[in-house]
Structure formats: structure tokens, C-alpha cells
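Just so it is clear, A, B, C and D label the chains in written order, and each chain counts residues from 1 on its own.
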Amino acid sequence: MPQLTVKQLQDFLQTDFPQSSVIVEAVGDQCATIRQVIDGSHLRPGGTVSGPVLMAVADIAMYVALLSEIGIVPLAVTTNLSINFLRKPAADRDIVAQCHLLKVGKTLAVGEVSLFSEGVSDLLAHVVCTYAIPPRV
Amino acid sequence: MPQLTVKQLQDFLQTDFPQSSVIVEAVGDQCATIRQVIDGSHLRPGGTVSGPVLMAVADIAMYVALLSEIGIVPLAVTTNLSINFLRKPAADRDIVAQCHLLKVGKTLAVGEVSLFSEGVSDLLAHVVCTYAIPPRV
Amino acid sequence: MPQLTVKQLQDFLQTDFPQSSVIVEAVGDQCATIRQVIDGSHLRPGGTVSGPVLMAVADIAMYVALLSEIGIVPLAVTTNLSINFLRKPAADRDIVAQCHLLKVGKTLAVGEVSLFSEGVSDLLAHVVCTYAIPPRV
Amino acid sequence: MPQLTVKQLQDFLQTDFPQSSVIVEAVGDQCATIRQVIDGSHLRPGGTVSGPVLMAVADIAMYVALLSEIGIVPLAVTTNLSINFLRKPAADRDIVAQCHLLKVGKTLAVGEVSLFSEGVSDLLAHVVCTYAIPPRV
């Protein structure tokens, strides 16, 4: 299966998930990097990016990494997501998510996602995510 | 420590989390039930409630259950959230979250949250959540 | 599929997992209760049951609950196990594990397990466990 | 706090956890590598290393990595351990665990552990582990 390109993945997200504003920055070698531009709608009281935003970005990073490996399989669904929140995100920096696939099996894929505030090397949060892959005809 | 009432918790959420629209339905005995009214903004393609909405509702259910036990401690923060997605939510039903605290320690609290589509008994998703409780003066 | 009985499950464990000494106490209604008799080999310094023993007992409780529903499927394997350690087990009491299946699908089953020291109502640890079920011919 | 050496950690394990036979291979830079020599007592039917052995090795790898950073704090305890089982371990190879600490805070430390069969590059299992660190006097 030929890997999908950044442009193909970005086009797919814009068509199928028009409400998402993530930017696909890089894919390849079982990895993907995406960016979520942060605006006021992503913040919570205290001036920080809300936890659900981090979870959503991690989930999309895993989805992008997985599709880049197996092709466009829109019915792949998250079955488990486990997140550890480690540090408080900056309110004025984008969120960058780097996913690394740990295994892509026939029916399950597992990956880990590291979340950062752009330009800051300390990890904000760490996610492990499992997707179920539907049988392919 | 006297437990907080439904009204006190609802008032706190409306003041401190004005962007959240959850309704506190019941608290007590280390439990809390909340409801998220679902509208188009909560859906994703395929006509179902998006995963991040479920994660956000579970996180708030745990927060409400915890504050009902320890009082208003706004600095309590989620350190870990692990969710298993079990069934596809209905697009036209509210989400109901029932949290049960498993332990409230001095520095950590752990709870589980069961998520349902209103009026449907099958579990949509199951969450285990840990909060860190800041030292109280 | 007719449910298996306590005796059938106990016989299966004794034949296929002779190194395990757990006792199947009850099965039915998507639940199972098992007991691990505790001796010195299960303890760690400090006079408490070691964490790996708790994890092993939880995993077997989930296996027993699952097999009681789907029949003897020896190739069902754990894919994810997440445990929260809540309280220190007594060194001189057996460990009792109660599993409740949250979903039994075609390829995945998810359950939660509550672990207790026998005769003590406070929860020692809480586990969520996923098994992959191989295709049945 | 000066980091502990491999020898200091090995001596501590041998004194305080005499039932464990893990070998500390390397520590430093928020990382630790340990090895579990595998014999028949670690196997389960089917000729593979049992899941609880993998969980135990991951937990010790995290403990060694943490102590190498904060010094000998015997009362540090695991609060959460989440493992994804990815591939079947070889029965005739030692288990090697590499832990990388993601955060060492005042009261909590989080790390991830990658588990391998010695000499095989495919990941067997991936673990995320949280330890609670007691207040230091």
C-alpha cells in the first residue's frame, strides 16, 4: 500500500472533518506530526489550553499517522485513549502533536502521541491510543 | 467537610466554566450524574457524538463528583484519563455521565465514569480518571 | 452459546494453567468472581501483596468472565490492561477479584475488575482490561 | 541530588527485593535499562513469557529509572500502570525493558517503558506507569 502524502491527508481531513482546523505537517515512517492553531475557543479559565482540546488533537494525530500507513479507511475508530497530563500548556502557542505508531496489525493499531506547545521542548501530555481497523474487502 | 449541593456545583460551573453547558443532575455518596445537551456542534461526520465531547463530559463528571466531596478546589486538575469507546452514541440524544469515586485521598482521587445516550441502557464508553488535589492550607 | 459453569472453568484453568492457583467462585450475568489464596510467595517487602500478583489475578478474572460468556477460546489474549492501585492489600488475607464485562463484541471484549482483600470492603485496586477474541470458525 | 549508579541500584534491589532477579544494565539521563533472565517459571502455556512477568519487569524498570533520579525512596509506589501487549514474546530470550521518564514532579512521576525480547527489535509491549513520591523530609 503506497503511503499517503501530507496533501492527501490534509485534503481528506478538510472534506470529511470540516470542523477540524488541524494542519498536517509531516507523515512517514509510521509517524505523523500535526499542529492545532490555538485561539480563544480552545482555552479554559486560567488561560490554558483545555484538556479536551489536547485529547482531540492527539486522537487526530493518531488517525493521520494510521491512515498514512493503511490508506483512507474512514471507518477506523478509536477504541481506547489514555492520556497523562504533565504540564500546563501555554495559552498563546499552537499545540504540536507527534504520533509514533507502535503496531499496525490487521484489526488493531496502537500508537503513542507526544504533545507540545510549539517551540517548547517540555512534554505537555503523553497519549497512548488504540484504533480498531475494520476488515478490508 | 459538608457536601456541596447540586445548585452550588451548577453555580460554580456557570461562573468558572461559562463555556460548558453541562447540567448537574445529582450528587452524593461519592457519585455525580451530569447531562450534556447535544446539538450539532457536538457531532462528527457519520452523525454521532464526537469522541472529544465524550471525554470532556466524563472529565467534568469526575470534577463535579470530586468537588461535591472535597468542596470547591478549583486547582484540582486531571492527571490521567483513560477511555474505552464501546458503542456509537445516538446523534439525537443527550449524553448522561455517571461518576463514581473509587478513592479520594489527600493528593489523588480516582473515579470511574459511565457514559450513556439518554434513555438507552447500553454503555457508550467507560472512563477512569485521576485528579491531583493541591495541598489545602 | 450456553454459559460455562464454575466447574467447567475451574477444570479448564487447572488443565491449561496448572501454575495458577486461583479458585473460581462464581460466574454468570457477564460477571465472574475469583479468589487467589495468598501465601508468602505473593508478598513483597513491607508485608503486602505485590502489584504483579494483583495484575495477574485481575487478568485471570477477566479471562474467566469472558470464557464464561463465549465458551472456551484459549486464544483470547489480553491486549490492554490498566490498573489503578488504591490501597495497600493485607498480607494475611486472600485477594478476591470481581469482574464485570462492559462489552463483548466480535473481536474485542472490555471488562472492569475490582480487587479486594477478603472480608474488607475498601477497594484495593481497579482494573480495566481488553481482550482480543480470535475469529471463530 | 547525585544520580545513583548501576551498582547502587542493583545492590538496593538485591537487598530490598531479594525475590527479584532483574539485572540493572544502564541508568542515566532519565532512562534505565534492565533485563529479566527468563526461565521456565516465567512461561505460560503456549511457550511464551506470561503477561504478569512483563508487567512486573516494566514496573521495576520504572522504579529503577525513578530511583536513579531521586535517590533511594523505598516508599515510592505505583499508582497506575497501563500496558498494551503488542507481540508474543519468545520463550527462549530474556526480556529487556527500557524506561524513559516523561516527568518527575514533586509528588508524581510518569514514565514509559518499552519491552523487547533480547536481540529482537520489534516492540513486545508498551507501558505507561505513574509513581507517587512520598513527601521528603
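By our rule, contacts are C-beta pairs under 8 Å (C-beta built on N, C-alpha and C of every residue); 3 or more make two chains touch, one makes a residue touch a chain.
No experiment lies behind these values; they were computed from the predicted model shown.
Student: Supply the minimal count of touching-chain steps required to go from subunit A to subunit D.
Tutor: Minimum step count, subunit A to subunit D: 1.
Student: Could you classify the subunit A-subunit B contact as same or different, where same means more than half of all interface residue numbers appear on both copies?
Tutor: Homomeric contact, same residues on both sides for the most part.
Student: Could you compare the number of C-beta pairs in contact for C-D with that for A-C and name the larger?
Tutor: C-D
Student: What's the distance between the Cα centroids of subunit B and subunit C, rounded to whole Å?
Tutor: 28
Student: Just how far, in Å, is the C-alpha centre of subunit D from the one of subunit C?
Tutor: 23
Student: Go ahead and note the Å separation of the Cα centroids belonging to subunit A and subunit C.
Tutor: Centre separation, subunit A to subunit C: 33 Å.
Student: Counting only residues that touch at least two other chains, what does the list for subunit D look like?
Tutor: 79-80, 82, 84, 130
Student: Which residues of subunit D touch subunit C in the complex?
Tutor: Contact set of subunit D toward subunit C: 16-17, 19, 44-45, 50-53, 55-56, 59, 77-85.
Student: Would you mind writing out the residues of subunit C in touch with subunit A in their complex?
Tutor: On the subunit C side, the touching residues are 79-80, 82, 107-108, 130, 132.
Student: Okay, in this complex, where on subunit C does subunit B touch?
Tutor: Residue positions touching the partner: 82, 84, 86-87, 102-103, 110, 112, 123, 126, 128, 130.
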